[in-house]
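In the two complexes that follow, chain A is the common piece, with chain B as its partner first and chain C second.
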Partner chain A sequence: MKRKKKKVNLTHLVFIAPHMIIFIVFIVIPIFFGIYVSFTKWDLIGTPQWVGLDNYKEILFNTKSTFNRQFFDGLKNTVLFVIFNVPLCIVVPLAFALVLHIRPLGSKIYQSVLYLPTLFSITSVGLIWIQLLNRRFGLASVMGAKVQWAITMPYAWIALMIMTVWWTMGSNMVIYQAALGSVPKEEYEAAEMDGAGWFTKLVKITIPSIRFQLLYTLVITIAGSFNVYGQPTIMTRVDLGAGPKINVLVQYIRSIAFGSGQSAAGIASAMAVILGLFITIVSIIQFKMIRSED
Partner chain B sequence: MYYDDNIINRYKYNVLNNEKEKIMKKRMGKIVSSLLTCTMALGLMACGSSDKSGDTSASTSSSGGKKIEFWNFFTGPDGNNMKKLIDDFNKTNPKYKINNITMAAGDMYQKIPTVVNSGKGVPDLCIVDVARVPMFQSQGILEPMDEILTREPEIKRENYREAVWNTGAIDGKQYSVPLDMGVTGLLYNKKLVEKYAPNVLDDNVVTVDEIMDIIPKAKADDIVTLPVSFFTYEMALSLATQKGGSLFNEDGITPNLNSAELKEAYQTLRDIQEAGGGSEDGDDNLQLFINNMSIFCHTGVWDYNSLMQAEDLDWGMTNTIAYSPDKIVNVSNSNQFVLLKSEARTEEKEIVIADFLDFIRENTMEWARSGQVPASNSADGEQEFQHMPGYFFVSSPEEQNSIAFRSFKYGGIVDDAIFASQNDAIYGSMSVDDFLNQAQQQSEDNIAQQGE
Partner chain C sequence: MKKGFLKRLIAPAILGVICLIWILPIAYGVLSSFKSEVEIKDTRFHFIPETWTLDNYKYILENSGNTPIIKWFMNSFLIAVITSVGVALIISLAAYGYTRIKWEYRDQVFYIVLALSFFPQIINIIPLYKIVDTLGWVNKMPAAIVPALASVTNLFLVRQFMLGIPIEFDEAARIDGANDFMIYSRVIMPMLKPVMTVVILFTFTGQWNDLLWPSIVFNDVQKMPLTPGLQLLMGAYGNFNTAPVITAAMISIVPTFILYLFTQKYFLQSLSLSSGVKG
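For the complex of A and B:
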């Protein structure tokens, strides 16, 4: 009997083709090129010169090297940012989502106001907060601030966290609101009949019901926090003639690759590769957590 | 039987119709998905590379026609002055119109390696900081200006300030034509000077000792004497140069940041800060000065337009502070016209570029209105320029000789190393020694990456 040739349906490929093309051209190829550059000495103009693992040795093991100092200082600040920022960027939007879920009077307006900062660019957000925190001329002067919060430790960290949460909470809040809307009301009614208070309902019903969304926002927020650049660079550097008070790793990478002088693109790429590996490992652990939840 | 046949026929009809419908839907699906893909692909192509460059562009050319792509970073009020010059030149009906493409300096310097490497979209003419000229020349991406100078013989050293003209001369060839000198000097508030230091400007220079004398009186009234600023670097360089110091050794390549002269310069500025004469970390020095909260302010002549808009501010500009009135140094930046290597730049284009540069040279008064000191001396006889603060720095041979430029092959690397921790040293969170040693190490490590 003749075997019928199975018709292969390629329609799905046609639909994902545009995204795949963009993904390959703008993400995959630059990643591989960046990995290649990390094994070279290159000033972005001439021909890259292969140096093998020299850049990685310089960054990781040469304790006298500027690049070693900058890498570990940047990594330290980046990890600190992740540790401080992620819990705040989960808890604060969740709290607001829970309040808005009750549908108080004007909840739609509050929702819009809380989401609005997410639409601003980081440059405008940073400049707004620099002016607000200006001890002589800003809102901080009216509130009697004794120091310049944006550039004095440890207040710079506090200011940075407040600004980051204010700017980014809208997107997580919207996700949580949608998730809360899908929790069956009957579960709450049943819990109330059993005498459960608000905290018990929150812990036993609400959070377990939206755990997938919580995990998703956790993964996204951690990945985004590791790539932080704009907030500390703009807000903790009031004067262009000074470096930022909080130097994160991506800022060092950028300044090494695109500084005022010749580029050390090989070193910058090597730092970026190491950071990328770090984020990949963290993301794998998180995805394993999500899978085990399922 | 008929009844059974009818049902069967209807059943067959429905099945056939359903099959037809499925086939139609499949075909429609393929057509729609193909159309969608084509639309997206066209959209991608439209968003892809084109000959236009720059994040913001203020094209002054008529639509279509032959153009000379001119990149610059005059995104501030000075952009209006450059636009007027370009418009006026284009009105002379050159064979190629100048297409003014303005973008932030950082964006432009990131784009330059990309276009130079690809050979596509290289601008025909470009403005760069004077500090970039030796760097780009050493990287082999600049063309000498030989054709330009031959075409327009009036573009020559004698028609420009010699010091700024010489910054473009490397290995016997001229790689740039200067547009201006961004001289940094000392702003002074006339009313506050009258109150706290009445005779300090008799010799047109405020010395370090005079600053230290003023501080206690000003501090008592919560007035800042000399705020820390973005141009503290230029102040420190000026002080170091007054004592014979330099950022680099004589070879022009080996950094010399932990020299005795530079240490003394930064220690002097730190002493002013510690005596209470400076501003707080985070203060905007120009904001303080405009609000009559600071007697002096070290900044560049380009702030002229901002200062003219300030209400209730009577101000002037003089030389940078000095250890002694016998030796003054005013560190300056400069915007320079350069030709990036490009095969698309034809001889015809070079002729028009030469004409344009000569037009700028002759009509440099318009550029002087931006606040900069024109590199060309063609505006020196204009009364309008003579009443501008920038004229002070070219009003005599002594003043012209006081102007110094930072133009080194690795100058940018050193600038970054200094800016990284300069304010930490001034405000006391880091010792001057540690700051300069760290800057020296950073410069050496970065230069080593360049194969030196």
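For the complex of A and C:
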């Protein structure tokens, strides 16, 4: 049989290949390798030894294990962080975007100021905040702080949330601003003719019009919050190690895999996979919820 | 009438107060970089330096031994610039391939890439270290640069933007005898300016400020970028010389701030993710 000759155009491969190759080598392979490692005993150097579900059992059920204690402490703090952070990082930037959208005097300057903190690294941001919050010589001393806020509950949580919202809020804000800019003006005018107030307009027109951006930011913010690392890492670097600290899951995963002493990369990977499952499940639920609305 | 009042007085007033509070920590940081160590640790809190000094800046410029802040700054700068240029090139090429050329399973492939990118990064960080180590990149710049080139968020952003460019532009160029590479470089690329500026800003800022990954792949003090370097300076329990460290932190915010000033006007234009999604 003669092979059918079909002219195959492979130009598209030239365009997508550079990205695709890097994506496969540095993202796809590590994901699957990471899931595999979670079923092994591995010290990052030798060959991973298959141990089945042992890592998961140790983390979840062996109450005598340090890994078990670290996992649940990290999980508790991570989940708390998500619960506090997500509503704040949606509502606060949305409120700012709505106010900026009416173009008040000087809105350009205000937008820049509100966006400014997102440009800085967490080490710079954290450094400034732990100085401000220092009980002995910071702004906190003027405000009459009796304890070291960064390591005393519940102040540590309040400080962490204020710092996080201040630092990250801007990136969602600009997405909402862009979205609000593309809502057709006619819809508002029609609603105004019907005598709708600002709240009715917000719920009936604005929110539905920017639904896609709200979903997008919600997914990104939740995933980002589960992956929180920088803020608690820097914040706990205050004063001598006393007091209860907020340690999140990623901090434990990092120190178990890359900390001093022998690496337990298998255990760390299993923790990462569980954290990953959380994020994936929450994201899927969100997509489902939005879809069922249609 | 009512609306004008809100627009001209109430909203600006409230925003003004909030913005003053918002900028206060930054102002405190900047002012503190001109204070002496003694003054920063003075138990009477003062916002503005009592005696202005440039000692902290001198210390940073002169010290290159155990705290090579200038070296860190240059390391960060190189990493951020090379990544930004690489991302701009690789992502725009890929976005062209996913929008302007028709091929079988194109959109399916893109959605698989997108879905895989939603996998939490924390799972791949341990194997990624092993791969980077095997390639001999530990303590070398490619470790920070190359994995960042595969960014899917940026690909998504550029693809959305490209979907909004009418296909008639390509068709007109094709009639004039242009091939895909000419259309990419002469027709599409120039139109991508707004979204590319934002992608570059995001990439540069992301690389400049990244902490977790560089703190894993760089352990040689001389090779380190600025952000993990500053963390190192803060020591394990915060027993550090505050004045020079806070000064270094203030220097570290300069490049991203300047870049923002230049890219600001393209911002909102490129972030309306809606084009091509509605419908």
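One rule holds for everything that comes next: the second predicted complex is superposed on the first by the 268 of 294 C-alpha atoms of A that agree within 3 Å, B and C clash if a C-alpha of one lies under 4 Å from a C-alpha of the other, contacts with A are read in each partner's own complex, and residues count from 1 in each chain.
In the analysis below, contacts are C-beta pairs under 8 Å (C-beta built on N, C-alpha and C of every residue); 3 or more make two chains touch, one makes a residue touch a chain.
Only a predicted model underlies this, so the values are computations on that prediction, with no experimental measurement involved.
Peer 1: After the overlay on chain A, what do you see for chain B versus chain C, clash or fit?
Peer 2: Aligned on chain A, chain B and chain C clash with each other.
Peer 1: Does chain B (first) or chain C (second) touch A:Phe212, or do both, or does neither?
Peer 2: second
Peer 1: Is A:Ile281 in contact with chain B, with chain C, with both, or with neither (first, second, both, neither)?
Peer 2: Neither partner.
Peer 1: First (chain B), second (chain C), both or neither: which does A:Val203 touch?
Peer 2: neither
Peer 1: After superposition on the shared chain, which partner residues are touched by A:Leu53: those of chain B (first), chain C (second), both, or neither?
Peer 2: neither
Peer 1: Go through the superposed model and pick first if A:Ile22 touches only chain B, second if only chain C, both, or neither.
Peer 2: In the superposed model, A:Ile22 contacts both chain B and chain C.
Peer 1: Of the two partner chains, chain B (first) and chain C (second), which one does A:Val37 touch, if any: first, second, both, or neither?
Peer 2: After superposition on chain A, A:Val37 lies in contact with chain C alone.
Peer 1: So in the superposed three-chain picture, is A:Pro104 touching just chain B, just chain C, both, or none of them (first/second/both/neither)?
Peer 2: Only chain C is touched by A:Pro104; chain B is not.
Peer 1: Quick check on the superposed pair: does A:Ile158 touch chain B, chain C, both, or neither? Answer first, second, both or neither.
Peer 2: Neither chain B nor chain C is touched by A:Ile158.
Peer 1: Using the superposition described at the top, determine whether chain B or chain C touches more residues of chain A.
Peer 2: Of chain B and chain C, C contacts more residues of chain A.
Peer 1: Of the two partner chains, chain B (first) and chain C (second), which one does A:Ser260 touch, if any: first, second, both, or neither?
Peer 2: Only chain B is touched by A:Ser260; chain C is not.
Peer 1: Can you list the residues of chain A that touch chain B in one structure and chain C in the other?
Peer 2: The answer is residues 11, 14-15, 18, 22, 44, 136-137, 238-241, 258 of chain A.
Peer 1: Inside the complex, what are the residues of chain A that reach chain C?
Peer 2: 9, 11-16, 18-20, 22-23, 25-31, 33-35, 37, 44, 99-100, 102-107, 109-110, 112-125, 127-132, 136-139, 141-142, 166, 174-175, 177-179, 181-182, 212-213, 216, 219, 223, 226-227, 229-230, 233-234, 237-241, 250, 253-254, 257-258, 265, 268-269, 272-273, 275-276, 279-280, 283
Peer 1: Okay, in this complex, where on chain A does chain B touch?
Peer 2: 11, 14-15, 17-18, 21-22, 41, 43-46, 49, 64-67, 134-137, 148, 150-152, 238-243, 255-256, 258-264, 266-267
Peer 1: Spell out the residues on chain C that touch chain A in their complex, using ranges where they run on.
Peer 2: It is residues 3, 6-8, 11-12, 14-16, 18-19, 22-23, 25-26, 28-29, 32, 40-43, 45, 89-91, 93-94, 96-98, 101, 103, 106, 109, 113, 116-131, 146-147, 149-150, 152, 155, 179-180, 184, 205, 208-209, 211-212, 216, 226-228, 230-231, 234-239, 242, 245-246, 249-250, 252-253, 256-257, 260, 264, 267-274, 277-278 of chain C that touch chain A.
Peer 1: Once bound in the complex, which stretches of chain B touch chain A?
Peer 2: Residues of chain B touching chain A: 29-30, 33-34, 36-37, 40-41, 44, 106, 109-110, 113, 116-117, 131, 135, 139-141, 228-233, 280-284, 287-288, 410-416, 419-424, 438, 441-442, 445-446, 449-451.
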